[in-house]
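Got some structures for you, see below.
Presented sequentially are two complexes of subunit A, the first with subunit B as partner and the second with subunit C.
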Partner chain A sequence: MSRTLTIALLSGSTENDDAAFVVNLARAVLARGDAVNVFLYGNGCNLANKPVPFDGRSPISDALRGHMDGFVLAGAIEELAAAGAKFATCHTTEYSRGTEGLAYLDGVAWGDVGNSYTRFLMSTDVLLTIGR
Partner chain B sequence: MLFLLHTSRTEGLEELRILGGDEDKAVLLVGDAVYLGLPGQVDVFETLGVDAVFAARDAVSVRGVVPAEAVAVLGYDGMAKLILDDHDQVISL
Partner chain C sequence: MLSTINVVLRQAPGQEASVLGIRAAYAMLTAGGFDVRLLCLGDGVYNLLGVPGYPGDLVRRFAAEGGTLHAHDEALDARGLSGAALEPGTEVLDAAAMADLVADAEATTAY
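Our next item is the complex of A and B:
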């Protein structure tokens, strides 16, 4: 019988490897045929939005850009969502960061604790809280 | 009971003993928490009544550290099994 893992992610992508761990764990869970929910809370909500390309001159070297690209999880999140992972944000934490109105990655939904997170909890077998 | 740790903070580790009670206890170290699995650090888990210590392979590798011999290093498949199959309760601290 399929099991469900819910993860409340509180970290963004660059300050530490919390978000990368969550993405990789979610991938492994889906590969087993199980289900995964990710609630993007606090700084985790910084992962929710479509990247906005910068057209101006950037002094970032190719080497540094290649290094930083390792922290960009947008593509991985969209892949996970397409594979069945459910992603929802906490819109209040987005509001406080001024990002509530930005376009979401494909498969990421505007959400809240009272509905989105509660629905995740009601159907989950395991809950992890990752981040700081 | 499985405890998942993702920071190297040692404050609050006593919670493992309190929350775990008499249950069999295991610890999974991910992210910076893998530093707690190094020789000289890992002994704290034995004093807390922890029976098994696991560490995330990628977190160990990217930090270039070598966990104590008693620490079992797992990939994501192993961690998913540990979290979803092997324990009745999983607590992240």
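Our next item is the complex of A and C:
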């Protein structure tokens, strides 16, 4: 019988391994036939939005850009959502970051602690909080 | 399925993670109907000192709604804090008793 893991992710992804760990863990959980929910909380909500490209000239070197691109998880999150992982944000933490009105990645839902997160927990077997 | 959840606070007021933990604990208690305990370790014990404003109000509302408050005795001692200074009803526990709370819950999450 499949089990459900819920993860509250507190970290953004830039130069921080926590979010990449959660993405890899979610992939492994889905591959086993289990279910996974990810609640993007605190800095985790920074992962919720579609990237907005910068059109101007950027002084970032190719090496630095390559390094930073390794932390861009937008594609991985959309793939996970398409594979059945559920993603929801905490809109309160988005509000304080001024991002609540920005477009979400495909499969990421506006949410809150009192409803989205709690609903995740009602059918969860294992709960993790990852981040700092 | 989850029934009893421990929320561990490790950071002092003024750190976003401490408020995230308190808010999650309150939501799980009041919206989810879970049995929720707030375990304050390390600098997390500062959240129990009658903090003014939203974070402290939420801790007090959590307790008023049936959530339980727990402080690690060594964390208090290391910071020169007395149990008498904590929110009313806070249970001061040693490490073994904290471990018992962890053992008999279905989930323990740390902020």
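The rule is short, and it goes like this: the second predicted complex is superposed on the first by the 131 of 132 C-alpha atoms of A that agree within 3 Å, B and C clash if a C-alpha of one lies under 4 Å from a C-alpha of the other, contacts with A are read in each partner's own complex, and residues count from 1 in each chain.
Definition applied: contacts are C-beta pairs under 8 Å (C-beta built on N, C-alpha and C of every residue); 3 or more make two chains touch, one makes a residue touch a chain.
Since this is a predicted model, take the numbers as computed values, not measurements.
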Just checking: does A:132 make contact with subunit B only, subunit C only, both, or neither of them? Give me first, second, both or neither.
both
After the superposition on A, what does A:121 contact: first (subunit B), second (subunit C), both or neither?
second
Does the superposition put A:25 against subunit B (first), subunit C (second), both, or neither?
first
Contacts for A:93 in the overlay, against subunit B (first) and subunit C (second): which applies, first, second, both or neither?
second
After superposition on chain A, the subunit A residues reached by both subunit B and subunit C are 125-129, 131-132
For the complex, give me every residue of subunit B touching subunit A.
4, 6-7, 30-32, 56, 58-59, 62, 76-77, 79-81, 83-85, 90, 92
Which of the residues in subunit A end up touching subunit B in this complex?
3, 5, 16-18, 21, 24-25, 27-29, 31-32, 34, 125-132
How about subunit A: which of its residues touch subunit C in the complex?
8, 10, 41-43, 92-93, 113-115, 117-118, 121-129, 131-132
Could you list, by residue number, the parts of subunit C that touch subunit A in their complex?
1-2, 5, 16-17, 20, 23-24, 27-28, 30-32, 34, 106-107, 109-111
